[in-house]
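Labels A, B, C and D are assigned to the chains in the order they are written; within every chain, residues are numbered from 1.
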Amino acid sequence: MYQHTVHYYETDMMGITHHANYIRWMEEARIDFLGKAGFPYAQLEASGIISPVLAINCQYKQTSTFSEVITIEVKVLAVKGAKLSLSYQMTNQVGEEVCLAQSEHGFVTREGQPVLLKKTLPDFYQLLVNLQEEADD
Amino acid sequence: MYQHTVHYYETDMMGITHHANYIRWMEEARIDFLGKAGFPYAQLEASGIISPVLAINCQYKQTSTFSEVITIEVKVLAVKGAKLSLSYQMTNQVGEEVCLAQSEHGFVTREGQPVLLKKTLPDFYQLLVNLQEEADD
Amino acid sequence: MYQHTVHYYETDMMGITHHANYIRWMEEARIDFLGKAGFPYAQLEASGIISPVLAINCQYKQTSTFSEVITIEVKVLAVKGAKLSLSYQMTNQVGEEVCLAQSEHGFVTREGQPVLLKKTLPDFYQLLVNLQEEADD
Amino acid sequence: MYQHTVHYYETDMMGITHHANYIRWMEEARIDFLGKAGFPYAQLEASGIISPVLAINCQYKQTSTFSEVITIEVKVLAVKGAKLSLSYQMTNQVGEEVCLAQSEHGFVTREGQPVLLKKTLPDFYQLLVNLQEEADD
């Protein structure tokens, strides 16, 4: 589980975390999640594959602010073809849901050709399938 | 229509605009849209009402990068009770869709009480209803 | 002269523009300044030269906040060898100084070799020298 | 000593950490430094005192990029009247200096009156003096 402590510079004049920062925390948590699972993001890019974000979806449940510690749980929702979908559950220190989110990712070569994960990155594909099955339990 | 020129600092090492920035551009376009319609955001906050973002939804259609000019068209999708929903269509200089997005906003007092727009801010409510009818045409 | 309207997301919980944003505005103003002078930054990078920032210096004179329009005047302080120094004067709408800043820039090839501007980019070098002379008047 | 792992979203199209982020890391390290010394920043603001940044100075020695771990050592340079000066030494994982920086901070009431630290916040003042003496050794 990934943890992010809200920085002062992430707040806005409403006195709360500016909502755009949660999108960044999703990236932090995603990279941590894939790295811990054995597939560092740097390795993906080194293999000539880039992974643009195709869609983002955030439901803000509760505000957060400076110095709060947010725990982010990432799960694999789906993986097929050249696409990966993840979910994120963010909770604060007293266990309240702060934000629920989903993201969708493509996998393409530097020239923009879609990459079939199963074929081009079979180890990564199998890892994601296993993580999805764990999430389904 | 609001225009945003992509800043160098908004790109990432993939060579494209980092996806979290589109959320910020939505805010820029939204504030511009409400201001031009006659209801500056500062006026809203001055009247003791804050407007937290409840949900964000982005579909990234095409990448953009440094120095591109992105045009953002905002429309009112719905307004009722203490909630407002907006849509955003972002296009690049050659007219391609870059990002389609929606946002949902609440209206609450500084103490967190929901504000019925129709009752508390009748002028603002009527403005939003008119803008929604225009959007529906 | 470049103008930047302070965005809501650039404020922090102190109710003012977060100080790190001025560094970003310096970049916006610098790129605008060089572009208007006839040397777009994209052209520099296209020619295989990158320009890392070597030093930044900011004196914050007055706070600014959401929706204020900040005018930024850029001047060439010095250009020699593979280095360029610029100054920035930022003023608010009532003419008060908000921030005074300086930046220093290197010019290197993608392999990290310093680029002598006079030799490799004579047109750009001459432009900068002319701009510096204007600034000295 | 504070550590910051460079996030993907902190890089730019040059493939390196965008230089404005170092200013944010200084804030992270400063808040961590004061907190560990026994004076959490939130406590300062709760006591009705705000601390605007008066000046920032960064010398970039070496680039950094995604996933590098940057160690930041903060020291008290000076404390007198209503002003505090800090220094920052940032090094990468192989011990190279990445950035050297200084910052200057004021202390004012919410109404903008300067706060004499020695008089108004004697414990905080003494803490800073002690930290400065340590730094001088």
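Annotations for the structure displayed:
Note that a contact is a pair of C-beta atoms (placed from the backbone, for glycine too) under 8 Å apart; a residue touches a chain by one contact, two chains touch by 3 or more.
Since this is a predicted model, take the numbers as computed values, not measurements.
Across the two candidate interfaces, A-B and A-C, the one carrying more C-beta contacts is A-B.
Over half of the residue-numbered contact pairs at B-D are shared with one candidate from B-C, C-D or A-C, namely A-C. Work out the mean CA point of chain A and of chain B, and you get 24 Å between them.
For this pair, chain A with chain D, the centres built from the Cα atoms lie 29 Å apart.
With centres defined as mean CA coordinates, chain C is found 34 Å away from chain A. For chain D, the set of residues that touch two or more other chains comprises 8-9, 16, 20, 24, 27, 66. Residues of chain C touching chain D in their complex: 14, 16, 19-21, 23-24, 27, 50, 52-60, 63.
Across the complex, chain B is touched by residues 8-9, 11-13, 15-16, 18, 20, 65-66 of chain D. If you check the complex, the residues on chain D that touch chain A are 7-9, 24, 27-28, 31, 40-42, 66-67.
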